[in-house]
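Take a look at the structures listed below.
Next come two complexes, and both contain chain A; in the first it sits with chain B, in the second with chain C.
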Partner chain A sequence: MDLDKLRETAAEVAGRDDVKYLIGWKKGSYGYRIAPAFVEDAEAAAELIFSPLCTANLATYLTLVEKLPLPRGQEPDDRKVALMVKGCDSRAVAQLLAEKGIHRDEVVVIGCPCPGMVDPDLLAEKYPETEEPAELKWSDDGFVIVRDGEETAVPRDELLAEKCRLCRYPNPVVNDIMLDDPVETWEPAEDEGVTEIEEKEVDGRWAYWQEQFSNCIRCYSCRNVCPLCYCQDCILDRLNPTWVNRSVNFPENTAFNIARAFHLAGRCIECGECERVCPANIPLGKLNRKMAREIRDKYGFEPGLEPEGEPFQASYKPDDPEDFIL
Partner chain B sequence: MSANFEPNIVAFLCNWCSYAGADLAGTSRVQYPSNVQIIRVMCTGRVNPLYVVNALQQGADGVLVSGCHPGDCHYMEGNYFARRRLGMLKDLLEFAGVDPRRFHMSWVSASEGHKWKEVVEKTVEDTREAGPFEGFRRRQIDW
Partner chain C sequence: MSAMLLNKEKWPDFVGKLTGKKLWAPQGEGEEMRFAPVAEGEAPALEYGNTRVPPKQVVFPQTETMFRFQLGGEEVEVPEPEEETVLLGVRPCDARSMAIVDNLFGWEEDDPYYFKRRELVTLVGLACSEPGLNCFCTSVGGGPASTEGLDLLMTDLGEHYFLEAVTKKGEALLKEAGDLLEEAGEDKVKEKDKIIEESAGKIKRSVDHEGVPEGLPGLWEDPLWQRVSASCLGCGTCTYLCPTCHCFDIQDEVEGFDARRCRMWDSCMFGEYTLHTSGHNPRPTRRERTRNRINHKYSYFVDKFDVIACVGCGRCINLCPVNIDIVEILRQVKEAL
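Showing the complex of A and B:
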């Protein structure tokens, strides 16, 4: 993607009177780090980038912003927020719109067609993190790592993130401005991680998740980073009634993860952020992708495609499958 | 599992159909297993899927949710929502490694006392096969 065009467009959008700020990606403090950028003027827009390291889903910031009560006599700030989105992020925006979590007038969506992101963990494993600034670029058949002026070409399959291997919508589904021509979609890989667990016996699955969930430290990072976990009053924070106990042990961790997976069933757009931020490396994506797969196969529904559509759990069809009913 | 294990089953019944159906089974002197603890709710659409998880955590070995037949809901569409949600929950629990025999859903109308008996028998039998569900219990239930 042409970075000059990106910065130019960003400066123009951020400079508009009806836009409060623009959210994009910029280089982090060192190495491969990427930080979110909140751009209000042309100067800050010059720092924006879009590279294979921009895995973060910025749609979270739309609902994360704190809305304090206004002092008397002060007018609310009704200006829009501009947001740079990849394919998966745009599905989060579409889902938020469908759920009326945000209003279409509140956002300016700047679409970045995404040829696939790298997995930060894989990258750091193979090409260790440095303190010097490092960069990544797309090439025709993979990625190029730029470190100390040296360029290393890496094949695409070596570093491509799991969510991108499975990705079906690399091009933004909602957008006001497109920064580039749509990329060619690729054949999504078979989701072996989920199939592998599906094929286990019930006890084997229980043992598998027991091992995984025992590591959970209940930091709620997965909830905080999720663009679709935006309830003002989250059941996990509630004490009365206590839906999920706060103690960190296997049964409670399981209940918590089941509750979260259920709340995202029919809503998760598979951006993989929960898995990326999890300090215990729990494969949370598998739970969510399993639910997405069931819902796609059984109900023919996919979240995050229709901004005007009805949310899955708030609708029904008279002929929904009921083979499980006695 | 030992054959004389008596499972605890929590049943969420809708006020308008299944609860009346269970009542009919009682007044008609239909004999059915006494392992079910019935909780009356106004509609199956009111059953939060976390009720099921919480019941399993707090001592239930199996859970049954029962409501009106599709189209017969007192609130027109509550059981359609329930069917969608609890169907997903069943898939999720199964994927998480909870034995699918522990969670059942059924449609029992107010006139189906005998069907209620069959449903309970099936649930109890399945749960008995699945055995006690110790791994998921909330620790320190009694302080």
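Showing the complex of A and C:
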């Protein structure tokens, strides 16, 4: 992608009177890190980038802002928020729109067609991080790591993130401005991670998740990073009544993780952020993709594709065969 | 302080001498290592950078039952004290964090839950010869072979561990090991010093905190807090994985008629932290909460106990999902002063 064009467009959008700020990606403080950038003026737009390191789904910031009561006489700032999105991120925006979590006139969506991101853990494992910020670029058949002026070419398959191997929608499904021509879609890989667990006996599945959930430290980074976990009053924070105890142990951790998976069924757009941010390395993606697979197979429904569509959990069809519920 | 050598081949025997005590050591794979009880008869391999969850979990468990009771009953049952525990392979920063947190739990009155465990714990440290990318212990009062908080420090010399007792508990361990050990000669002392010096030289990051503890309160309304907190997700990763973070919440949990009062880690980055019953929260947004995290570590704690409540372990930097970097925040603080 042409970074000059990206920055020019961003500067223009961020400078608009009806735009509060623009959210994009910038180089982080060291190594392969990327930081979300909140751009309020043309100058700040100069730090924006779009590279194979921009894994983060920034759509979560649309609903993360705390809304405080305004002092008497003060008008609310209802200017738009501009957001840079990859294909998966745009599905989060589409789903938020469908659920009316946000409204179309509140956002300016800047689409970045996405050739696929690297898996940051895999990258750091194979090419250890150094304190100097490194750059990554796409080449025709993979990625190029640029560090201290030296370029290292890496084949695509070696570093491509799992969510991108499985991706079916690399091009933004909702956008106001497209920064580039759509990328050619690729044949999504088989989701072996989910299949492997499906093939286990019930006991084996239970043992697998018992081990995983026992590691959970209940930091809630999965919930907070999730663009579709945006309830103002989350069931997990409730104390009266307490639906999920604060005690950190296998049963409570399971209640938490299962509650989240259920609440995301038919809504998760498979951006993989929950799994990326989990400090306990719990394979949350498998859990959410299993739910997505069920909804796709049983109802033929995929969330985050139609901004004006009916949300899955709010829809009812009189001709539903109900062949497995009743 | 006596300096001894332990041939690594005798490490399992050394561990075997610690019978009757509960042993904890880093276990797991790669970056997911955590402190966990060692299976009987096993000698843990101490090949790791640092554990993801700090060993504070042993003296300050994430969830701790204070007492149990029956709904409608009249008696409370207080859990029995823990058994004597030895932590093997604690990194100096993490041991230092316990010495720092002791101040808080011993403030005015000793916290019985904390000190009950703390006193039963012996900390066997492992000096760092390969510091991590985000380590900055040397600029906040620590170092790769800091002995503060430790009972015994081991340094890896390749074939041997170099052992130095720091406290009486540490000396007792050396005495128990008896003939497994040999006296460390002058050359080995030099070898150890060289490894530590080289290790300190490998630490690339640092914070300049001169004037920060006194200056931070004056930056209360500085725009820097909005800037550094804008991308914060409000999750508990930085605080839960911080070895000096010690905030806790107390809850009563009930199952049927069985009830227990327990305390669990809390995080100043959560929206419900300091949320009043009235619905008011003095730290209503991530801006105030981030400001609190930095002020607590680099100002309030210094004011109260004369030590920075940050040991430079780098965990919050390594694991923040959105690259909020405390070294970078401190740089901006310094700039704003």
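Convention: the second predicted complex is superposed on the first by the 319 of 326 C-alpha atoms of A that agree within 3 Å, B and C clash if a C-alpha of one lies under 4 Å from a C-alpha of the other, contacts with A are read in each partner's own complex, and residues count from 1 in each chain.
Just so it is clear, a contact is a pair of C-beta atoms (placed from the backbone, for glycine too) under 8 Å apart; a residue touches a chain by one contact, two chains touch by 3 or more.
Since we're looking at a predicted model, the values are computed, not measured.
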Answer with first, second, both or neither: which of chain B and chain C does A:Ala35 touch in the superposed model? second
With both complexes superposed on chain A, which partner does A:Arg156 reach: first (chain B), second (chain C), both or neither? neither
So, A:Glu294: does it touch chain B (first), chain C (second), both, or neither? first
First (chain B), second (chain C), both or neither touched by A:Ala207: first
Partner chain(s) touched by A:Arg7 [first = chain B, second = chain C, both, neither]: neither
Which of chain B and chain C A:Arg260 touches, first, second, both or neither: neither
Tell me the contact category for A:Pro318 with respect to chain B and chain C: first, second, both or neither. first
Report for A:Arg165: first if it touches chain B alone, second if chain C alone, otherwise both or neither. neither
Using the superposition on chain A described above, determine whether A:Lys86 touches chain B (first), chain C (second), both, or neither. neither
Overlap of chain C and chain B interfaces on chain A (superposed complexes): 245, 247, 249
What does chain A use to touch chain C in their complex? 28-31, 33-36, 38, 56, 60-61, 64, 66, 68, 129-131, 215, 217-221, 223-225, 237, 239, 242, 245-249, 273, 276-277, 279-281
Parts of chain B lying in touch with chain A, wherever the complex brings them together: 49-50, 53-54, 57, 70-71, 77, 80-81, 83-85, 87-100, 104-107, 119, 122-123, 135-139
Contact footprint of chain B on chain A as seen in their complex: 197-198, 202-210, 235, 243-245, 247, 249-252, 254-255, 257-259, 261-262, 265-266, 287, 290-291, 294-295, 298-299, 312-313, 316-318, 320-322, 324-326
What part of chain C is in contact with chain A in the complex they form? 31-32, 52-53, 62-63, 133-134, 204-205, 230-231, 233-237, 240-241, 249, 251, 253, 262, 264-265, 267, 270-272, 284-286, 317, 319, 321-325, 327-328
